[in-house]
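What follows is a pair of complexes built around chain A, which joins chain B in one and chain C in the other.
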Partner chain A sequence: MEAIDVVKTNYVKELLAKKAREDMRQFMDFRKIGIVTGLMHNAEGSAQVDLGNTRVLCGVKLIVEEPMKDTPNQGNMMVAAELLPLASADYETGPPSPEAIELARVVDRGIRAANSIDLKSLFIEEGKVWSVFIDLYVLNYDGNLFDACTLAAMAALMTTKVPKVEDGEANREDRTQPLKLDSIVTSTTFGKVGGSILLDLDRNEENASDGRITIAIDDANIRAMQKGLRGGFTKDEVEMLLDIAFQKRAELKRALDQAAR
Partner chain B sequence: MGSSENKPELVINGKRTDGRDFDEMRPFSIKANVLKNADGSCYVEWGNNRILAAVYGPKEVMPRHMMEPDRAIIKCRYAMAPFSSLSDHGRTGPNRRAIEISKVIKEVFENVVVLREYPASEIDIFIEVLQGDGGTRAAGITAAAVALANAGIQMRDLPYAISVGRIGEHIAIDFNMIEDNYSDSDMPMAIAPRNGEILLLQMDGGLDRAQVSKALQMAIDAGKVISKAQSDALREVYGNAAGV
Partner chain C sequence: MKQIIVPGEVVSQSQARMDNAYVENGKTYSKVMGLYDEEHKSVIPLEGPWKPRIDDAVIGIVSEEKNKVYEVDLGFFGRTLLIVGKFDRESYKVGDIIEATIKDIEDRKTIILTRARPLEGGTVLAVKPAKVARVIGKANTMVKQISEAAKTYIIVGMNGMIWMRGGNIALATEAIRKIEAEAHISGLTERIRLMLEQNKGS
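After this line comes the complex of A and B, so read on.
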């Protein structure tokens, strides 16, 4: 950690001791959420999410492929995340880091476990299905990539159009059919800084934090969880955060619904 | 959560496919100090899982730019042998799943190892799944904890791990491979028994709020038996004099 980060880390902790955050938020507040959809016209779906100063672009591509052997009647989905070197001085070029892999897999897990995409609707004909590639591009890093990426993926999927299939090939001139979604997943990520638990940590707060937990839910169920970093959470803390995840869902869902309209 | 197609029956006459109750773990055994070269090692048989964990270090940090002057760094590799699965031949080396698991396991041990006791050094944890039958990361963590203790690494606690989840309306513990593939939810956890902190928590599938509470409690309750087997394995190596 560079010297300036040590200073900022100490500042975050001093503020928290006074029950305050740098941007005046309450402990369980999200930053301002901005979502724009349909920015990329070559992609079948796209969305850009601003969560405070964190910016993530998601592009969805649909490609005609062979189905997986064990699921011959349904399509596939894949999530990849790129921590682009232009997004932060902390990121470097090269193969995906464990952090990027974890990020992609946690976002994937929420969407997959909630059966968000109706994969059966992606069957084209014997031996041919749609594969949905969800690519998350981190453009500016200022903390909480997990929630920003889940928002971006969901917003992009909600506005994705499936190309018409003619003679077994995609006709991308004709993209009017919306991708069939069965549920909307929202994600809330908390971090522990000293003894305090916060929602939606920015970069300085993440640098000061030692535990992280992401909870992805749909309307009724918990769909995915991931605890990260070295800090632990007690059972009571996990239970409290589950309740907050459900309380925060309306706010996230409203942002998604507005963006997809 | 595997595909719903061709889903086998997971509950027969109120019992699981291998005859267990929902709160019953598979038989397991833990043996410490099984490898000559490693500073610490452990072999765990957990149901049909066969897992070897080894620890090297504290040692010089390689590459040197990763060195932290005031504490040790931990490296962790969890990998499945190409012959470890019943159905396919895996490729050698860690895939994306293994990279993620290695990362979260590393973070478990960053919590309990007294890193500041070993400044400017590196501690390597290797977990090799020789045969996998569901719950390999949990068994791997349980083994790695013993291997670290066997290497004489100072720790605040000896964590254990177990997987819990849901089969239909039943919350159940310690899924085997078939249950792992076709259950409705899977939640691997690692816990530090002394303060009850959850050090690893992953989950997918679907659980309602009450089911999560029940599953969390089940994993905590399992600790007694697993922790005892871990310290018994260490006692077997050192005798009671070491006070483990």
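After this line comes the complex of A and C, so read on.
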């Protein structure tokens, strides 16, 4: 941690003691959400999400592949996340860092556990299925990458068009059929700083936090959860956070629906 | 009247000594992209590194401690040392914000500080060093205006670090960021005044 981070951490804690946040938000408020879709022509679906100053780019690519041996009549899905060096001074090139792997797996688990993509609809013929590659690129880091990445992945999937298959090969000129989605997943990430619980932590708050919990939900069900860092959450706190996650879903869903229209 | 100039553009038909300009064949050319102020005959760069000068007041954060010699992070590449003299507080710890004066510049990478005083609490904000003069304004008018509207205590360091405590820091930050982004467009003071008045109530 740089010396300036120590100052910012102390400042965040000083403000929280007075029940305030750096940008005058309420504890359970998201920053401004901006979603743009259809940025990349070569990808089957794409989206860029701005969550405050955090910016994530997502591309969805569909490739004809052999199915996995244990699921011969299903398509495949893979999520990869990359923390680009331009996003923050802390990120470097090279093999994926533990943070990047965790990020990709949390997003992957949310979408997979909710059976969001109808993988059976991606079956083409014997020995041939569509593989969905969801690639996330962090362009600017200002905290809460989990929610930004889940939003970006969902927005990109909602605008994904499946190419037509001719003689067992994909015709990428003809992309009209939308990807079949069974549910829309949203995630809400909470962090614990001192004794207070916050939603949508920014960079300084993340540096100051000692507990993190990500809750992925769809319309009615809890689909996945991930706890990070050392601090813990009590049972009552988790139940309260689950309620808030469902309340906040409307806001996220509205942003997604607007972007995908 | 200020006009935008690019590197290599003639700013004066005669030889003139000014910062960020060079003389060739009896004419003066700009070294940087920036604005040329005809009134004061000076070239103002839009971007650029901070050029430390002796006696500049700076704000920094203590980043390392070794035998009463402190390394201070001034938010730019280089090494800054604070050697505690007899008039200074005895000790600092990593993460302390200090205001100090430049005593000596040993080479391009090492600056010696003196007359340090600690700034308790609050937060720092880093702006581009080229915009520091704009943030301060003519005879402190700009910083005073922000300080009064947001009821925040503000100290601006020449290195681009700004220390703020109390009041509506979010509003002060927004105003300073706006200055940083729009410093080259005329009528800045008026626009900042309007912005501060609009946000005062919220």
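Rule of thumb we're sticking to: the second predicted complex is superposed on the first by the 261 of 261 C-alpha atoms of A that agree within 3 Å, B and C clash if a C-alpha of one lies under 4 Å from a C-alpha of the other, contacts with A are read in each partner's own complex, and residues count from 1 in each chain.
Everything below uses one rule, namely that a contact is a pair of C-beta atoms (placed from the backbone, for glycine too) under 8 Å apart; a residue touches a chain by one contact, two chains touch by 3 or more.
Predicted, not measured: the structure shown is a model, and the values here were computed from it.
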First (chain B), second (chain C), both or neither touched by A:Asp219: neither
Which superposed partner A:Asp174 touches (first chain B, second chain C, both, neither): neither
Which superposed partner A:Asp70 touches (first chain B, second chain C, both, neither): first
Chain B versus chain C as contact partner of A:Asp182, first or second or both or neither: neither
Which superposed partner A:Arg105 touches (first chain B, second chain C, both, neither): first
Which partner, chain B or chain C, touches more chain A residues: B
Set intersection of chain A contacts, chain C complex versus chain B complex: none
Touching residues on chain B, where the partner in the complex is chain A: 1-3, 5-6, 96-97, 99-100, 102-104, 107, 110-111, 185, 187, 192, 195-209, 212-213, 216-217, 220
Interface residues, chain A side, partner chain C - complex: 2-4, 6-8, 10-11, 14, 22-24
Chain B contact footprint on chain A (complex, rising order): 70-71, 73-74, 98-99, 101-102, 104-105, 109-110, 112-114, 213, 220-235, 238-239, 242-243, 246
Footprint of chain A on chain C - complex, ascending: 61-63, 73, 75, 94-95, 97, 121-124, 126, 168-170
